[in-house]
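In what comes next, chain A is part of two complexes: it sits with chain B in the first one and with chain C in the second one.
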Partner chain A sequence: MHSRSNAAPLALKLAAIGGLAFLHLPILLIFAYAFTTEEKSYQWPPPGFTTQWFGIAWNRPDVWEALSLSVKVGSIATVIALVLGTLCAAAVSRTKFFGREAISLLVILPIALPGIITGIALRSAFSLLDIPFSMWTIILGHATFCVVVVYNNAVARFRRTSGSLIEASYDLGADGFQTFRYVILPNIATALLAGGMLAFALSFDEVIVTTFTGGQQSTLPIWMLEELIRPRQRPVTNVVAMVVVLVTFLPILAAYYLTRDGDQIAGSGK
Partner chain B sequence: MSASPSPAVLTGKSGLLTAASDLFWRRPGLLLVLMLAPPLLWLGVIYIGSLIALLLQSFFSIDEFSGLIVYEFTLSTYKQLLLAANFDIILRTVVMASLVTITSAILAFPIAYYAARYAQGKWKALFYLGVMLPLWSSYLVKIYAWKLILAKEGILTWAFEKLHLSWLLDGVLSLPVIGGNSLSVSYIGTFIVFVYIWLPYMILPTQAALERVPGNLIEAAGDLGATPSQTFRTVILPLALPGIIAGSIFTFSLTLGDYIIPQIVGSSRLFIGQAVYTQQGTAGNVPLAAAFSVVPILIMALYLWAAKKKGAFDAL
Partner chain C sequence: MTAAVEFSNTSRHYGPVRAVDAVNLEVAEGEFFAMLGPSGSGKTTCLRLIAGFEQPTGGEIRIFGEPAGGVPPYKRNVNTVFQDYALFPHMSILDNVAYGLMVKGVDKATRLREAEAALELVKLPGYGSRRPGQLSGGQRQRVALARALVNKPRVLLLDEPLGALDLKLREQMQEELKTLQRSLGITFIFVTHDQGEALSMADRVAVFNQGRIVQAGTPEEIYKRPQSRFVADFVGSSNVIAPEAMARFGGEKRWASLRPEAIRIGAEGGVAAKVLVSNFLGSTTRLSLDADGVKLHAMVPAGLSVPQVGETVQLVWSASDLHYMDDAA
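Right after this comes the complex of A and B.
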């Protein structure tokens, strides 16, 4: 770069904006399809627009059942992941011990390996142990790969939290639990909240592991998958897809705003 | 206030919690063990246990007449992987994963570079969210969107028609192997959806690596007389490479194991994930399914080993 100007070359700008457009336009298209009057095909442009499908989707009990199972599974898996992920992050970031690297690897493994392997491994373990498929087997699978999201967020925050804060707390006479309650927890709370939201989003969306660990019950993604393979009422699927997009955007935005200001937390300058 | 001055050393408080707290203070190792036990039990026992159970099954075989699993150590199941039909599946998946990875790297670079180097303030946040939102939005909804786009009556055919380019689309679709009846039942369709879904996983680590390239290094290269393309080849690209490799771990691994995308958008020819799914489900051949799932594990182990040598993990 011969010139010191801070303007990007036009080609780069176009490629970058084009790339972002490629990422977003397909999602926007769903919004148009939610209002189409066409029932039998994916015809574009839509022959007409209507809002009737929202009412029809609202009155479908199978959608509500799938949604409520997804919320239940996501909440419980998130709680388990929060506990396990925070414990692991605290242990890894506070102390140096033998096998520390191996633990990071162990936590990352469930999402580093293809989901189908996690799924089939859990399924064959369940069948070996004669565990019947239920909501709990789904939760078991989800919690396993949700740990890593909480862990990553918590480890990053622990690294930024100064150890001297904790020492100061001990020096001032607080015991371990008081230090945790009044010093550590406030420092890591937003990171945990962000991690928890991302874990929930991850569980809410998971389909590959769930196809192996779920029995008769269907979570929302499983419901969606069945509609994709054997469409029954395409416009209802369009509406559900649009609502899912809107609902998943909220925790992502919230998690972003929660972790954005992390650098300004007290004691971060070591 | 009593007459005596407050003691310099606090008297010990009583209570179970305090006792526990004191114990942890004196024996930090005990606290460490207590903290690590639950996550390690969960991941180490449930997860690793399941993986080992799976791997063991791949050394069993299936009786061809009764269809029951023979619990005897054998390598015959692995030998089946080398049969032409099965080996084709592996080859097809690896080729697809490589193409998807290379294409994602090329598409991701300008976005990552612009976001790391030129975007500031509001634009930086916009770029970040612009990558995070598609990354986290529902996987199935994204596939569904592409089913709408690639359908024969969908928006892409319509756009080609409006631009009077229908001959181009028809020409591409009539190509052997990669073509098909419509884009949504062709390899091209599968490829586009793979690239679309995994692209954000490539952008983020590439951007992280580019953020760490000091601006004055690029200026120095320019001052020393390098042309922009020389600067790119000899300064920027080598420094961004660990990030690109880190991203490629995701795109490669995720493509290797996915079975939903080729099932919904693609031809009827199988990928590894689909082979695992059908073998353990309808075919009931769990040993072969297990052997098939060992393939991506091995490939990824090699890949991770090579990536570690290149220092890709520092860029994650």
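Right after this comes the complex of A and C.
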């Protein structure tokens, strides 16, 4: 019975393999083109293989500018999100107050809204308030959706953490700061790390909101978009794309493993 | 002597809900005190008021004569054993027990030594390196006890301390808690909805109903002389007899309570009753009887002959076992 119900028909297997291949083979194509000798157009199969584009990418200052801007924006937006998201999650899950559900919804809304709406809204708000477009306006734009990711992770963890732990800490003589340091933070740390990593990854490859909130600077994804139009040293873009894939994929993978372990830790205490 | 804990006209209202309503209470130092009542009767709120998690909305609480109003939980020399134990899942057992000393700035060697001693006190020596998730419910409760006692509180609060344990463990812990309390001399205040637990462990019991204390006294007083129908009903499973029925049974026309074990099955000259249900409980058999429209329970000890269901028997009790209640409520 068991083995029969577990075995999928051959057609389903093929469909599944085909679907996965369709999703992931194009990414491998990107990797392959990073090594091609043809610089003006993407030709398949590549006429030859070379690693020269890595060296060229390494020496191009515009790559470094875009990369460092992206890292700065992502890091600062993540830090803002961690602080605000945690505070908000704590308020929503620990206390009861009028409008709690509404606040919860309003916090999550930016990620539900299309990026273009967020982008247009922020752009008009910034110009209305006479705020010049800079790295900081990009950071603010990114923070709107980064907060959501951190908030969602933190609120789930707060719900699983027994409220009596905090009371127990007070009861044993710890003040508010000590309770946060020794009880709350260790219990939500993996959730925050996971939320922070996801937030960073989201910020790192964001295009739409960045387009609307940025000035002259380009973050890495925007730089890539511009590069694709220019027929000059095209494989450099692919080299950078590989880096972006690695930089965003690894944190997401780590976040996945961290939250999975977190579930086990939280569950074992019950 | 100043009371360990004193409530004077203390209330805790949540809007229109009177969780604790004008309670007066004195717990003497070194006493093992039980707060007994059904859920929602205000007993746990009283405990939280003593711990400092709640502040009274009226009246006053004094702990060893000091007004406790506005004093946060971490500044009270009172510790709590929580119902779900609330052990910190990310810390080892030893760090859990040493937590109170750690946040007070006791140096590491001293606090680990004292934590180890506290674990020995609750018969868990050598368990320090484990995590709370690796212990059984009974062991976790002992850790919670050790974690509270290591701070040398003057009052220990226990919220349904035995609620989550199975029967055998519960009986064992009852004895251990009592022994521990005697040897340490600390005032223990515990909350329970189990009248058996309250009667067997406590020096004194306060019975709560709807935010008020309806009766306080020694277990024997509460059991033998309930002041109200509620107490008679809640503490044990007393027969509560209405005034009219009492008159028919040949007693005074007042509310009365009669313990099931005080009723004997006699041959003649008693109150005639028909056996409705017979439940064999091991050491006794519990009978439900219908005496002229009044439902009564009686306990027949093992060894005596048990009447059949449907049989009509004569019920006899001595007048001294009959307890008349002033308050009908």
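Before moving on, here are some points about what is shown:
What we mean here is this: the second predicted complex is superposed on the first by the 252 of 270 C-alpha atoms of A that agree within 3 Å, B and C clash if a C-alpha of one lies under 4 Å from a C-alpha of the other, contacts with A are read in each partner's own complex, and residues count from 1 in each chain.
Here is the rule we go by: a contact is a pair of C-beta atoms (placed from the backbone, for glycine too) under 8 Å apart; a residue touches a chain by one contact, two chains touch by 3 or more.
In this text, all values refer to a predicted model and were calculated from it rather than measured experimentally.
Within the superposed three-chain model, A:Phe22 lies in touch with chain B and out of touch with chain C [touch as defined at top]. Once the two complexes are laid over each other on the shared chain, residue contacts for A:Leu172 go to chain C alone; chain B is not touched.
When both complexes are overlaid on chain A, the residue A:Leu106 reaches chain B alone and has no touch with chain C. Counting the residues of chain A touched by each of chain B and chain C gives the higher count for B. In the superposition on chain A, A:Asp130 contacts neither chain B nor chain C.
Residue contacts after overlaying the shared chain place A:Ser162 against chain C, while chain B stays out of touching range. Once the two complexes are laid over each other on the shared chain, residue contacts for A:Tyr256 go to chain B alone; chain C is not touched.
In the overlay built on the shared chain, the residue A:Pro186 is in contact with chain C alone; chain B does not reach it. In the superposed model, A:Ile116 lies in contact with chain B only, and not with chain C. Of the residues of chain A, those at positions 170, 173, 175 touch chain B in one of the two structures and chain C in the other. Interface residues of chain B facing chain A in the complex, by the touch rule stated above, are 10, 13, 17-18, 20-22, 24-25, 28, 31-32, 35-36, 38-40, 42-44, 46-51, 53-54, 57, 107-108, 110-111, 113-115, 117-118, 125, 127-134, 136-149, 151, 153-155, 158, 196, 199-200, 203, 218-219, 221-222, 228, 231, 249, 253-254, 256-260, 263-264, 273, 276-277, 280, 286, 289-290, 293, 296-297, 300, 304. Touching chain B in their complex are the following residues of chain A: 1-2, 4, 6-8, 12-13, 15-16, 19-20, 22-24, 26-27, 29-30, 33, 41-45, 80, 83-85, 87-88, 90-91, 95, 97, 103, 106-107, 109-110, 112-118, 120-125, 128, 140, 143-144, 147, 170, 173, 175-177, 198, 201, 205, 207-208, 211, 221, 224-225, 228-229, 237, 241, 244-245, 248-249, 252-253, 256, 260. By the touch rule above, chain C contacts chain A in their complex via residues 51-53, 72-75, 78-80, 82-84, 86-90, 99-100, 102-104, 131-133, 147-148, 151.
Here chain A touches chain C in the complex through residues 162, 164-165, 167-175, 178, 182-183, 186-187, 265-266, 268-269, going by the rule given at the top.
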